[in-house]
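Letters A, B, C, D, E and F mark the chains as written, and numbering starts fresh at 1 in each.
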């Protein structure tokens, strides 16, 4: 929670700055209010706790009651959460709270669309490191909420030997050998390949995972035959909602999709407030 | 620059964590390399300096040479920038640098599409506070690069009396009066209106800007006639690339569009590296 | 509140450092105490909540009961607040809490003196950006408590074209034109003028506010006649408690006074403690 | 220097926020300028390096050339420093740089007035912990620049047993005994006394320094006779420029004065800019 | 407490990073558990509150009940503390909480061994500045818990003129004179000496404390005779558990020992968990 | 480097605080000096760059020239590095720089002793998460310098199912199944086992690594036979320099040793300074 707190605090500072000049001028200090967060379209919810924390970081007295939980499908018009407490606090946190909720739900919703598309196939939809700077943990959480799986979190928790690494180290074999001498026994090794020749080289180097980058369906099918279960297979590059199922049907284990996080449209969500009789 | 620095540092920490286990195992410490940042589609560039700073925050020795500047239209296949320096440093900053560039260019490109759509009309395209938490300054900068204008930066630099404020304070007149007594003489006052009745009330209260929220083209036209130049007019709510020009033609001064920042798809940009003979 | 918290935390760290060697040696860990904060002179109170937060940031169990609220006139000898709780905590936060209270009350008191001086005139007393680095929000709050109004908070929330901007851009008209193309529609434009020629130029450029900088009463009067209600008028420069009312009588809308924040003497306030029978 | 840097960075963030909307709209990005910092009254300079760092924190390319050094007496009309570099950078750091310089010079000037007042007497003028929250190191530095000496920096670097400690621990002797058992051998012990009885008790407890708090000149003289060189003597409480020399003549070793830091008026200093032919 | 909080937060972030992938996969979110912290060897406890705060920083609902308090001797096999609360929270904070407890108890235990060794002699065992970067306050606290005393906390709270200072300033006398002119009246002055000639010089300069650095027992005895009570005497350099008592017997006032903090072996402590029937 | 910078800055702040009262009083501001860092015993060097950064963080003008590089064996009496620059800066960073160097070299030296002990055997010596809070990356780096390997960096980069996880989830199989559904495909799974029954259960669950915790040599040998190359094997618990080689001979792949980081004695290293003729 302490991690979310610092992200939320920074977001509140960014939005409120020294003072909410509208709210502090109009709203009496002690005024209590009720508010409802409303779905303006159908979507998969993610970030309800982050949203709650936005209000409660500004004002610990706020009562936030989620009517759905992360992962739920929410229909247009539904009340997502009810909030009760100081009116000024609610108004001052509203935008930040909704920004998180709209963004994370957007990611979960897009992910879930991909996941449904490959339903009944054994493939996993995974994310990438193409996330909004500073929000990676939250965005990767939203991917999981949407039914996807996470790829590595950063450069620190798994080895991915990319084309640029290979270009600088000569060949895949040399790169893999060096990695095996340098890393923890707990880290898996993945290699990015662009050709069947590279697939074979990776396989011979004894890697755990082979990424098939930007290959045609035909080449992928050949690659899968070559690998023959000796490594996990990840398809990557230009995979979208139209060709996702075709790629999945080749039999790859994983499909990684950058747009899950870098291009998911925000969900339309709003907040309505009314005073409380006291 | 100090502000960008802290955002970039946080993004690098988020991605690299304690150690890039791939790069530090494979790439020799002193190895020099050249790299090119490449456009994989047509777009409007934004963030070239932020991108440069990502590399240079990690390693001040890196030479970064932009081939375009922010606001330029870049064609698919073009080299956006050339980088020279320590190979490890380039590889470790690559993803973070591209994440900024892809996102900001995405916003500038989407903004510029809207701006072109309303070309020759006097209207300004403006952004909202619906930005990625922690990245607002940069995203609002990208809107300007794309030819748009900024709405207020936060709750602190302009008054916007929204429906929720009105609901809690009784009516527009009361809200405006309170605001005038509370704020600096340097701040303008904008009021959100949903009906022609509210437009009139706002006008009588002597506000500087009137927002027409989610009104039909017909109602907007009436509102503009009523206002008759006595306040700036901002159209807002469900305005997209298909109906933008129609809205603009009504004669509003400003069109605010949340999707500029909350739903702009990222631009496809990549980095290619090669060793340097020494 | 989260903003005050970080300022207070930094102040406590600055004062307490690794350990209060006096208190931790003398006072038993569980000892409870009562304390009273006392006025040693007449003044206008500002900062009672900040003061309370200083104690409660160190120790959430402290009970702090203000006997006055911000804006109240407090007479010498009065008890401003009563505190109850752990004796060590009270002693360790005392100096920091009083430093805030003495400084903010000093600003409110000086402001209120100016405000009284121009009583019954329509003019507003406003502050400047000449504040103690790191404490601007609090100091500007104290100005409001004292009956004054805030000028802009920083370089970000209003346009003020100063002599140095004019010197670099050629003339006022050019500067204003550029600003109008660059800024948000929500920001007002103010120009600093030193001569009647500049006043006219500013007026023709269509600015919202004209600052009359260091003008004689006579020149100010002419300027006001020239402006004739077409812009707000701010008098600035070497205005003090002796000449304030004369300036106000000219009919300016605003008088800005740097000394409100940069030279307000601190109020004499002390804290007295005694043990509690348990 | 790293400490000043964080204070300066915070001050720049506070003033500039997301963007200097005036300067960034008016001033061309590459424009070079020269500026002079000018004395508008006579004063003792303090903070010239802090001032320089303000400009250079924003823009490392700025050339700052001080014409005086800290401790110098500067006459009205003199150029304090010359600055050369990017015009935008100079304009954006101006206010913050001057705020530090005006405040620190104010403290040095006031201190030097007190120091001159007690000239030829052996007494030292010392400061207190009544400093602006967050700025203590700088303000205590300014006191030294003005010819004063520092009292302890915080609760951590010296023992000062105050009336409140004594009230809670029964008597001075008990308090001193406890302190001697708890602290480092490197810390001195000072006790605040209000009566001659307390002076004697402090002396018998073997303290290093005795503070005479709010005593009359007559009582002070008796106290000094009683102490007879067996402890350093500090006079404190309601000592001002009018009675300072009288107090000093009693023979006390130190006079501590809160107003040096909490009520020193700022010095009037300004910055003038002009473009550079290129 | 706010200081411990930031150290603990940093430690938790360092260990947990974006997500505890083991615990969050295996343990149901609402599961409650009980845990016991167990002594695997005999030791002197230090850090029980820090340990408690580790759990409670992650999750304020955790109940932590210490069975011993700092300074207690704990026997192998004993339960040090009982914890109750959310199972995930306990598992995620376990390692960090134990790391603090093992380290601080290691320091207290080693200190107490030295203290026992010199029992009945008037000498004090004191620490040095050779502490783990970032943990000095806690480590110096552990020294006090173990019966030792603190030397200065840093370069700011006491004067220690070391060989390097003397080398650069010519001689001890010059260095001491300069210091007396520069520092607060509240700071004591200590000088490091390596020869009897230096001891005499220090004594003549009127210092408060003389450090005998790396002297033989014989030379120390002579030095003590020369000093003859006119300054506190600190023995330093290569003093260990075997020669500590011999050094103490010479009559020095203080023995400073770097290994108390830089080389104290950690204590073996573990945590055992079990589910709670609900 | 940015990560080291923040650790170093914090350490410098901790040691220097508001002011080095000794150095700033004695040493003239512009004085230049040379210094040598000296080995007072034989050891394996680690942290030479961190040491250099300590000096250069305080003063970028300092010249630091390492005479050895990390991993080198340094003999007692050797000069480890030469430093040149401002005397005050050198004296103020000395202690912090040495604290890092002594600690990291201590860890590298202890690690290298273990590594030598198992020389010619295929086993790897690995560290644990029992590191000084806030210094993990540096301490794990020192282990690699000493010839050891890293275990996971934290709870985020590898799965380790410990006894407490098993106790709460029923059995190993259930825990492993849950983990496989929850984590990234890039993470390996390790299980802690205490009995041969658990070893078999882990093996059947399809884990990547099996930890043999606190087993006798005999049991370990049996476990290895059972596992028969189907998983990596890590021996853990009470392994020290005396029994390390015996454990290694059983054929385990990895031996993890907490004392590498939690109990490595610091290396004795000092700094000697002298003035430079100018």
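Convention: a residue touches a chain if its C-beta (ideal position, glycine included) is under 8 Å from a C-beta of that chain, and two chains touch if they have at least 3 such contacts.
Being a predicted model, the structure only gives us computed values, none of them experimental.
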TODO: Pick same or different for copies chain B and chain F, depending on whether their interface residues overlap by over half.
DONE: different
Open item on the list: Please compute the angle of the rotation superposing chain A on chain C (C-alpha atoms), rounded to a multiple of 5 degrees.
Closed with: 120
Open item on the list: Please identify the chain with the largest separation between its CA centroid and the CA centroid of chain E.
Closed with: B
- [ ] Let me have the rounded angstrom distance from the C-alpha centre of chain A over to the C-alpha centre of chain B, please.
- [x] 21
Open item on the list: As a quick test, compute the distance in whole Å between the mean CA positions of chain B and chain D.
Closed with: 44
Open item on the list: Based only on mean CA positions, could you tell me how far chain A sits from chain F in angstrom?
Closed with: 33
Task: Where chain B touches two or more other chains at once, by residue number - done: 17-19, 136, 153-154, 156-158, 160, 183-184, 187
Task: Interfacial residue positions of chain D with respect to chain C in the complex - done: 7-8, 10-11, 14-27, 31, 33, 35, 87, 91-92, 94-96, 98-100, 102-103, 106, 129-136, 153-165, 167-169, 175, 178-179, 181-184, 187, 258-259, 262-263, 265-266, 271-275
Open item on the list: Which residues of chain F touch chain D once you look at their complex with the stated criterion?
Closed with: 9, 12-13, 17-19, 57-59
Open item on the list: Show me the residue ranges of chain E that touch chain D in the complex, using the header's touch definition.
Closed with: 124, 126, 149-153, 156-158, 160, 183-188, 190, 209, 232, 234, 253-254
Task: Footprint of chain F on chain D - complex, ascending - done: 1-3, 136-137, 140, 153-154
